[in-house]
Amino acid sequence: MADLNLPSEPAIARLGTGRVVLNSLLIVIGLGLLFAPFLFPDVRSQEVAARICVFIVLAASYDLLIGYTGIVSFAHTTFFGLGSYGVAIALKSVGPNWPAIILGAASGVALSIVLAVMIGLLSLRVKSIFFAMVTLAVGSLTLVVASQLSGITGGEDGMTFQVPHFFSPAFRLAANASGGTLRLLGARMDGKLLLYYFVLASAAILLFLMLRIVASPLGTVLKAIRENDTRAEAIGYRVVVYRTAIFCIAAVIAALAGTLWALWLQYAGPQATLSFSIMIDILLMVVIGGMGTILGSVIGVVLMTLAQFYLQDLMKLATAATRAIPGLPQVFNPDRWLLWLGLVFILLVYFSPAGIVGTLTKRDGGR
Amino acid sequence: MTEHLLRLDDVRTDIGHYHILHGVSLVIPEGGVHVLLGRNGAGKTTTLRTIMGLWRAARGAIIFDNRDITGSHTADIARLGVAYVPENMGIFSTLTVLENLRLATATGAFNNERLDRAYDLFPAIRQFRDKRAGTLSGGQKQMLAIARAIIERRRLILIDEPTKGLSPAIIRAMIGVFREIALETTILLVEQNFLFARSLGDSVAVIDDGRIAHSGAMASLAADSGLQTRLLSLSLDAHG
Amino acid sequence: MAEAPTSDSLPWYRALANVNWLPAALALAAFAAIGSPATWVTLTVAGLAMGMMIFLMASGLSLVFGLMDVLNFGHSAFVTFGAFIAATVLARLAGWNTADTPFLSVVALLLAIGAAALFGLVAGWFFERVIIRPVYQDHLRQILVTIGALIVAQELVMVFWGGSPVSVPRPLILSGSLVFGDISIEIYRIFAVILGLIVYVGMHLGLNRTRIGLLVRAGVENREMVEALGFRIDRLFIGVFMVGSALAALGGAMWAGYETLIAPDLGSEVLVLVFIVVIIGGLGSVEGSLIGALLVGLTNNYVAFLMPKLALASTMILMVLVLIWRPLGLKPAAKG
């Protein structure tokens, strides 16, 4: 353990510019999401905002896994899917009410724990690269199974279902003069709004939970294991137990994220939750934001989601501008936004593996 | 001055955050068997691996045959005439015994005289030469590892705990083998077994906690029981 | 000192229990289940052909991982590019591919395959130097970087060839089937099997009869010791990587001719199959890759006929079964 020789300055003075930038960004994002229905009342922006909330939780749970154990797994979308399908099946079969939601979420979580324990134990028996490949196969297997079991899961097309009345657009939070739904600052005060704030609040709680976990003694032990698991074992920490514990926690949170996602979409399907591209997306988000930081996922998710839209617009401009030169327009084709993101990702992994948050916090002679 | 074949000057080696060697200084003259004694964790294996370039010395210098090999690549160090017989023997189990030996030759062709000599020293090698090396017993694998080190002429052979897990009969046989090998080359032998070392070594250095605690002629250590007790209680596991 | 029993000196009945027989055992079991010889032959040939193509794609990856402990998720990018390059060459040389010019159509075929393999060699060299080399020891970053490379490669395919599927003009001499009574066997599949066998034999000879092969086999087992014997194994690695990438591209080219319709996500689709084969076969082993690939190819085709609903999952189930029996794969060569 290194000796700490901190200068005795007041706490505020020790906050470097990096941290200030980071905190400001986080505050802006938080406020943006909080007031999204009023700031951006159109349907598309609502979808984007909800997606950001859910994926922040999902990506952060993945960071809990790869950032704090250093083990890469490609089966994470499986938990996301279990939560989604759990709640979907429950709502469809039991009915659109709270008990169904809780039942669905609980089953998704329970299955996720079982799967997480199995995967966690496997990770300790085999080398990390072998493990990564096996989880890739498992993730694929889940996708295939979900697409095939049409009786239960609705097959490739997925399943739609009804959410409780108070989450639906028909539900009126407040009426206007003529008896219709009140619009406050452009936003409809209906069940959908309620659903959005439910998703946002749940996401915030789960995020807060994760931050508490990494700040807790459990988090410290995990960091020690990540640094050097042999030594941690020698000191007396049973690495098996801790790793499996964090696998389970990450899985549970991912499953809960899946629950939120299904509720919001009123839909659960293989492409929406289990696809390899979602897995890649959260991997990119975590790495770009900064592995092992939890808050990095917030930055990463927002960045990638915005990139998906605005980068495409930027590239449309570039396509038009380079129309004269043969070949170039194709490179700047807005459909190819992932190409540029991929290049950025590669560069980040090489030069700045700490990601955005890591780089910002390191500038103050961080931890 | 080339009076010393190998010299370590205040070598420090770290593995990750952990400092293993805290300044090892050692000289090995040409010819004979030189023993490095020490208990588990003292830094014996680390010393050999640092010499071989498998681990990088953080500070200090390693001079072999008047040449600074401190940052050199393992393969280059081997080409200078240094052989390494690691603790786990480094036998390639999926290759045959003969293929294992062939890898130790510079060109793939055997010097038949030396091959015959290896066969004479280790009859089991001749017997199983076309068998997969993984099917050999522990003792036979150790023989193969040593045979591999002498199949071509070397200046220096680094051997890490060759007697580990072997029966007393085999260990006794090895003493003769090593003595014969030492006639044409220099051996740096790492051991925990003091009695084995004593019957073989010309000089001895004792490493404890990453530093050399004693060095000198084996004869004087063997004669000084008081010194033995002191160092024994410090560092050694005596095996019968 | 007692000698432990080895496979070199086993009684004949123990030798039969060798995993090498698994594909044959599977084929036999399938015959019992299918019944009709004609159908069985068609399915078996299809399975063998598919297996051989996947073997081409997988063997390089297995060796690279076994030798240098590097996992290249971008490996399947070579497959995709190989497929598209071969398709383009065949399309450009369509004029040669007529019934009246059998010689020219063979040349066109060889050019297509050759172009794919050449691309694999060159791109492999570039890939190893630029993408892999900076992250040698770091498994986590390797996984991340090579996935990034996979994404970028897939996008590049779409830049060059557009996003929609491309149809592949199968060479005429390889089209059609051989008919024996009830049984019909596609000529292309026979070609795939023969090519695969040639490559396997070539690799086997190369690994077992040459000095470089000796170094590769030793290095797969214990890289450090090979260096301690005086060999710069990193120089060897780039050669192995290039060959592995060329084989992957070759596999892709063959796959293009097999499917006759290829899409840019071809690489990701086969990535999982390739990984499963490498897992089943064991890391670092060419024989393991062959057995694993044949098992996967055969299983896929048999199950598609017998239990169509299970077809997609069958490969994964196979992998799970093998892992339960042999957690490190059937014939692992590297420490794993």
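Every chain is named by a letter (A, B and C) in the order it is written, and numbering of its residues begins at 1.
Convention: contacts are C-beta pairs under 8 Å (C-beta built on N, C-alpha and C of every residue); 3 or more make two chains touch, one makes a residue touch a chain.
The structure displayed is predicted, hence computed values, not measured ones.
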item: Farthest-lying chain, centroid of Cα atoms versus that of chain A; value: B
item: Most centrally placed chain - per-chain CA mean versus overall CA mean; value: C
item: Mean-CA-position distance for chain C and chain B (Å); value: 43
item: Where chain A and chain B are represented by their mean Cα positions, the distance between them in whole Å; value: 54
item: Approximate Å spacing (C-alpha centroids) for the pair chain A, chain C; value: 35
item: Residues of chain A defined as touching chain C within the complex; value: 66, 70, 72, 125-130, 132-134, 136-138, 140-141, 144-145, 147-148, 276, 280, 283, 287, 330-331, 333, 335-336, 338-339, 341-343, 345-346, 349-350, 353
item: Parts of chain C lying in touch with chain A, wherever the complex brings them together; value: 65, 69, 71, 131, 134-135, 139-145, 147-149, 151-152, 155-156, 158-160, 163, 268, 271-272, 275-276, 278-279, 283, 309, 312-313, 316, 319, 323, 327-328, 336
item: Contacting residues of chain B [partner chain C, same complex]; value: 52, 54, 73-75, 78-79, 83-84, 86, 90, 92-95, 99, 102-104, 106, 108, 124, 128, 131-132, 134-137, 139-140, 148
item: Interfacial residue positions of chain C with respect to chain B in the complex; value: 1-8, 211, 214-215, 217-218, 221-222, 224-233, 333
